[in-house]
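Look at the two complexes coming up: chain A is in both, with chain B in one and chain C in the other.
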Partner chain A sequence: MSPVINALSYQHFPIYAIMVLFLGAFLIAVFGRNRTARNVLALLSITASLAFILALIRPVMLGGEIIAYWLGGRVPAGGYAIGIALEVDALSLFFALIVAVAVFVSGVYSIQYMRHDDNEREYYTLFLMLAGGVMGLVLSGDLFNMFIMVEVLTFAAVALTAFRNTATGALEAAFKYLVVGCIGSTCILVGTAMLYAQAHTLNLAQLAQLLPGNLNTATKVAFALLFVGFGTKAFIVPFHPLAADAHGAAPASISVMISGVLTKSGIYGIIRLTYFLFQTMNLGTMQFLLVFVGSLSMFICVTMALAQHDFKRLLAFHSISQIGYVLTAVGLCTALGVSAGLYHAMNHTLFKGLLFLAAGAVLHETGTTDLGKLGGLSKKMPHTTVLFLIGAFSISGIPPFNGFASKWMVYQATYQKAVESGNIGFLLVTIIALVTSVLTLASFVKVSQSVFFGQLPKELEHVKEVSFGMRLAMGIFALLCILTGLFPGLVTSYITEPAARAVFSVAQYISAMGFDASGVAAESVVSFAHVGVWEPISWLLILCIALLAITIVAVASKYDNVSQRSGEAVDTKYELFYGGEAQEFSQVGGGDLFWGFKHNWRGYFDFMYRLHSGVVNDYALWAVVDLALVMLFSLIVL
Partner chain B sequence: MTIVISALQYLGYVLIFPGFLFCFLAGMLLCGIDRKLVAKMQKRVGPPVLQPFYDFFKLCGKETIVPASASKTTFLMAPLVGLAALVVIQLFIPVFSFSAFSGMADVIVILYLLLIPAMSVILGGAASGSPYAGVGLSREMVTIISCELPLVLVLLAVAKTVGSALGTGLCFSLSDIAAYQAMHGSLITKISMLPAAVAMLLIIPGETGNHPFDAAEAETEICEGLLAEYSGAPLGVYKLSHAIKMLTLTSLFVALFLGGLGTGFVALDGIILFLLCVVLTAVSISFVHAITARLKIEQIFKFYWTLVSGLALISLVLAWYGL
Partner chain C sequence: MILLNYIASFFLIALGLYTIVTKHNLVKTVIGLSIADYGANLLLISIGFNPGGTAPIYTWTELNPSSFFVDPIPQALTLTSIVIGACVTAMSLALVIKLEEQYGTTDTREIRRLRG
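So, the complex of A and B:
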């Protein structure tokens, strides 16, 4: 085979997908003074990366192949892996796919969104570094390599959080993120070092071969360190306040990356750690750990979101709440649960990306994200409003959008687990998940009322719709939200189920790298059966028929024959009804909208308010306490 | 040829029974009977039973005013989407052994489909730009949150009871629940399901926004809240949706707790279903309406998350331990 053809073999695609991103970052740093050159380079590298990842779907997802790639041809010698390795199974590819799509859309959006900022060259360099970091993390087959990528992405993310450093709170947010992010990275480094000292290898597959059954105190502590380290990257409780600061302060395109992509890297790390390296997920206590942390994140963050009055901070808390769903479902250790969790992880990237971009569009046009100062934008930005509503319905789990499809699987997986294991605790998780969903809806009703509907403040009379490029980026996400919601069968059978099957095929993962997997139990029977029935397409068809029938009747009876103010004619009947109240006293502010709910929970909300002090020392303390607790936990149960 | 016939058949389901025509007639009648009953209980004469029909047609003939501050499309489309979504839910609820579209949506899906009409009212109201709608929206949403927890518990309890009886562990499919009841008798005959049935009876007026849980509409203080700016045909559509929602929730109760063999004749089953709905409306909506005063929003929340959820939880725990 000639070298050229050999270089085009899909075996090389994983490293290409990582390389083009870093190469783009480097080239932009060098040649990026010119705007056109910069944009072309950025678009080229994200498109190429997406193309390489898409090309891998066929062999890896559908063909079930695991790509083992040794950099520089340094294959293991003497039974130990020395060189750097990439290992791409369906799980890695699944996360890489999420990353590539989110990076692509975020990049397209950036071109218009960042036009008016200084230092665009630095922005794109850091952006591509962040993208390359996450891509490298999920495709890596080597624990130390994962740590390096964690460092790259953390520092890029910190720098990008503070990118608009003149904005209020940006530097503060970046500082908090830096401190706690470093604690997390240090945990990963120390955990990696301890594992290396024990097992003399850093290769994931070889670790997975050596570790189970040979646990000692050092490896147990390493487990806790790695778990907490990846936990900080996923921003799960108790690291959620950082997410709020970081997502809120970063430019919207970066919020998409942090919330949609960076959190996934944490989830990916936790899956690799628990299912592969230590293979402990069949322990009830480990399932408890993941499900407990997941449910806690789910519930605390949704209630925190209800109390927010800043658009992006609110979205940030929801982001972690949805990550809670993912972690809970993954922690169930059933095939259906993992498939549901991964499905939700994918949907989370799509709808959260869409919502952050919509928030960015609002910020871009109005200059604020304070819910109290916005209102009535649906008349000025109709397209953004529709796109936002699609995202809001998706995240709130309204059928037929994608959030519903995956949450519905999560409910079933938890309830099924409860019935199968006879453990009433999982039932509680189902109930928490269902209630969280309606609370999510409530806070998005709040956003739509205080940003897009309601009254238009005088200062916002001049607002215009955002440019086509930004709407296009949002449109891609919105379209994907609808498609993945309408065809859950296709998504599960071609994307999430191969990935979930990979999670339960540790033996193949080990032997693909050329190590002996005889000590590991072969793939257990994987069943994705579930009891529910939901056919979105049929439902939509019936709804369309019903809507058509209503519309025909409505048009025939002149439903749309309405009186509306024309020209400058002043007629009081077109004004709002105030019933004699003074106008300025009647509007309910965004923060107080669900007073009836919050009043009953005032004890809880007061407690939460005091807990989230906003002081970085406290958050660092939480990290240490969390680490101590997880360490204690792993020493006892492993 | 067979395709045409089955297409016509499904069209008939959507348009006539249990779709639009049935929903329209039964819902409006239910609403009229409710008003008459409340009046009788309060020793008033009350409006004629057909009053909701008169109201509806009169509203359709009135001028529709769109406020200058409203987003016109959302304001006008929201009522129609809500109505369509509501009728589609009715199609998924089996009428004893007959179900128009079985195997398309389970109870959890119904739970979420019920949010679509609620969202349409909320978004329509929000789009009007009225401050009264803002207050109404807040209360409507809190009412939805209030009802959601007990409703979830009721549905899970039913799913567990039927599931363990069928040997599948749990069962979310409404047609399976109907089939189970046709074989083994109504679920309400089980002692363990009684608290859940009572809870469901209390949920019905909350979900429909009837007195005393109508803080979201509260004519006397916030001028019908979300509907404050609506007039003419869109208002009529909302009134119709409200009437149909009463029918939907009462027939959901019938499907969950009062299922049975039925007579085998769809028309007769429809009439029996309607009569049961009337009885349920009388018990859970009219009677409660007649004897209570409107609750404040935080009281509604507290009521549902403590008392009603407690009842449903009892059922769930009993069902869990197979009693």
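So, the complex of A and C:
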């Protein structure tokens, strides 16, 4: 590496992209008393960060270069990394891109959305700290640096969850998140310490060089600790209740950050851990771990979402359900699987961000997110409704929106895996993914019905459309949802495929930092042919989904009729929807459209309800049990 | 007796987790978090220890291949980790105060408006 690098060379862009965010946080804390100064500073730093990341697309994504950057120019001495490094390969850049876009849109939205809150200065400071933390995490090439960034982002996220501390449950959610988040962080720290004790380095590339093939009990335990630690950041099962609590209480712009950015940092950590540090993904059992946890997250969270009465809490459960797709697809360890997972991760940020912003717009205008109190907003907020529907179609996987393209790839990948490995279990995963998609669609039928259509309650007569700034932010997400859905070929070949290739190029990742990669198999031979989405058979699949969704609605209504005929649990508020009579402003309760479905499954829902007890000790116990199980698993398997 | 350090650190981590899982008082939960954190710090500092090593403070001219000192990196990590631990405690205690004001209790079993 040349000792003198021009300060404007793109080699420096990763550190700039991180620094502008932290610098912005600092400057706002100092000079942010004035609203204009604050907004300008915040917009400047998020725009600059986005620009630096976009400028890296050309060399890293298209050129296939890996940027190795030693802070302070402290290059390795005597074969050991002594300085802190940033290492940006296509995978890092892919996640950085997601982060930068989500941060940008969320920041634009915040300017109007947070206008009526106190302490805006603190809000922007924490917001930029959170953004900088995630950006630093995904671009870092150093394990301890990753731990620091995890702590920074956890802290900022906890503080922002409790930001509206008079809102119901905000403090409670923040405390639970802090406790379980800190258990996760401690896990990462202990795991890092144990790896350092074995390998005497913290550099990711060097760890990837030294660890595989030299595993002992300590490193196996470290794997479990790191896996669980990053799992808490991704909110995968069993950490999903925290996400639901945090999303429900946090401002909508922060929900975008938590769901679109924070969960991605956890997924990124898991990919780095399994594919790079330990290179264990070729083990069938390790694939099983990821696919199992992913499928579990997918299914549990979508059923939990069906039972929710709060708009944002419902979206939160869906968010984790979609993260389940990502983890499942990534866990397949095939070219198609990883591409599908990364594609879905990107789409998840876009459509989930859009949905949370729409929920925020509803909250901003009506003052509530209780599905039972909302209704008929399509007449008052037509633009928000259209934008929300785009998001809802995307997440439900309806063509031509982006959710369809990536979900289709997930189905295809799991099916292909089942055919290739001859393992019937992966076919089951395909079915779970399909059923989850159907339930997602069903759930969004419910949300649209109870928020945007149906009768407008009298209290909401005065509601107006939200301001232009907020619609602009939602519009950016909606446009991206449509674009990434319409041109899946371009997205896969220019964005997700380079990233997916990077996942399989561990040797390049190691040698780019100047370490000897001869012990690692050169680029795994992975075929990227057939990584496409538009196939005629897909329409058949859509038909199946539609039929299943109709069946569920029909079954639900049938059970309602039966229960009403038999005189059991008759409630007049259901009569209008199914009977077409009665008082002017009565409507189906928001959480009650699938009343019959829930009734049918009441054993399951009762069980789930008891599990999600809301007591922080229980959630901590889940974390400990999860840790114990993963530890046992990795001791046996690795 | 470096082995004792390792045993003690994992004992502290386990004790901290035990406290978090079993105690229903918010303040005790915070104490549990701190104990687990101390365990992690003890582990870190023990990892860098070399029996008989000196403090890792040298200038370039003093440093030669026969220098024998404890590993400075875990010490730097421990310092960072201690700072973070202090922040965790401060922030969680602030939340506990606010929670007590809002809910009128510090019992975790009663602070469960968000559930299901």
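Keep this in mind: the second predicted complex is superposed on the first by the 577 of 638 C-alpha atoms of A that agree within 3 Å, B and C clash if a C-alpha of one lies under 4 Å from a C-alpha of the other, contacts with A are read in each partner's own complex, and residues count from 1 in each chain.
The working rule: a contact is a pair of C-beta atoms (placed from the backbone, for glycine too) under 8 Å apart; a residue touches a chain by one contact, two chains touch by 3 or more.
As the structure is a prediction and not an experimental result, all values here were calculated from the model.
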Touched partner set for A:Gly397, first chain B, second chain C, both or neither: first
Touching partner for A:Glu172 - first (chain B), second (chain C), both, neither: second
Contacts of A:Val624 with chain B and chain C, given as first, second, both or neither: second
Which superposed partner A:Gln449 touches (first chain B, second chain C, both, neither): first
Which of chain B and chain C A:Lys379 touches, first, second, both or neither: first
Winner by number of chain A residues touched, once chain B and chain C are compared: B
Which of chain B and chain C A:Glu151 touches, first, second, both or neither: second
Partner chain(s) touched by A:Ile431 [first = chain B, second = chain C, both, neither]: first
Partner chain(s) touched by A:Asn600 [first = chain B, second = chain C, both, neither]: first
List of chain A residues in touch with chain C within their complex: 144, 148, 151, 155, 158-159, 162, 165, 168-169, 171-176, 178-179, 182-183, 185-186, 189-190, 192-194, 196-197, 200, 202, 241, 244-245, 248-249, 307, 313, 608-609, 612-617, 620-621, 624
Residues on chain B engaged by chain A in the complex (per definition of touch): 11, 14-15, 19-20, 60, 63-69, 71-74, 76, 80-81, 83-85, 87-88, 91, 101, 103-106, 108-109, 111-113, 115-116, 119, 122-123, 126-132, 134-135, 137-139, 141-142, 144-145, 148-149, 152-153, 156, 159-160, 163, 168-173, 215, 223, 228-229, 232-234, 296-298, 300-302, 305, 316, 320
Complex contact set, residues of chain A against chain B: 376, 378-379, 382, 385, 389, 393, 396-399, 404, 408, 411-412, 415-416, 419-420, 424, 427, 430-431, 434-435, 437-439, 441-442, 445-446, 448-449, 453-456, 531-535, 538-539, 542-543, 545-547, 549-551, 554, 557, 559-565, 573-579, 581, 583, 586-588, 593-597, 599-600
Chain A-touching residues of chain C, taken from the complex the two chains share: 13, 16-17, 20-24, 26, 29, 33, 36-37, 40, 43-44, 47, 71, 73-74, 77, 80-81, 84, 87-88, 91-92, 95-96, 98-99, 102-103, 108-109, 111-116
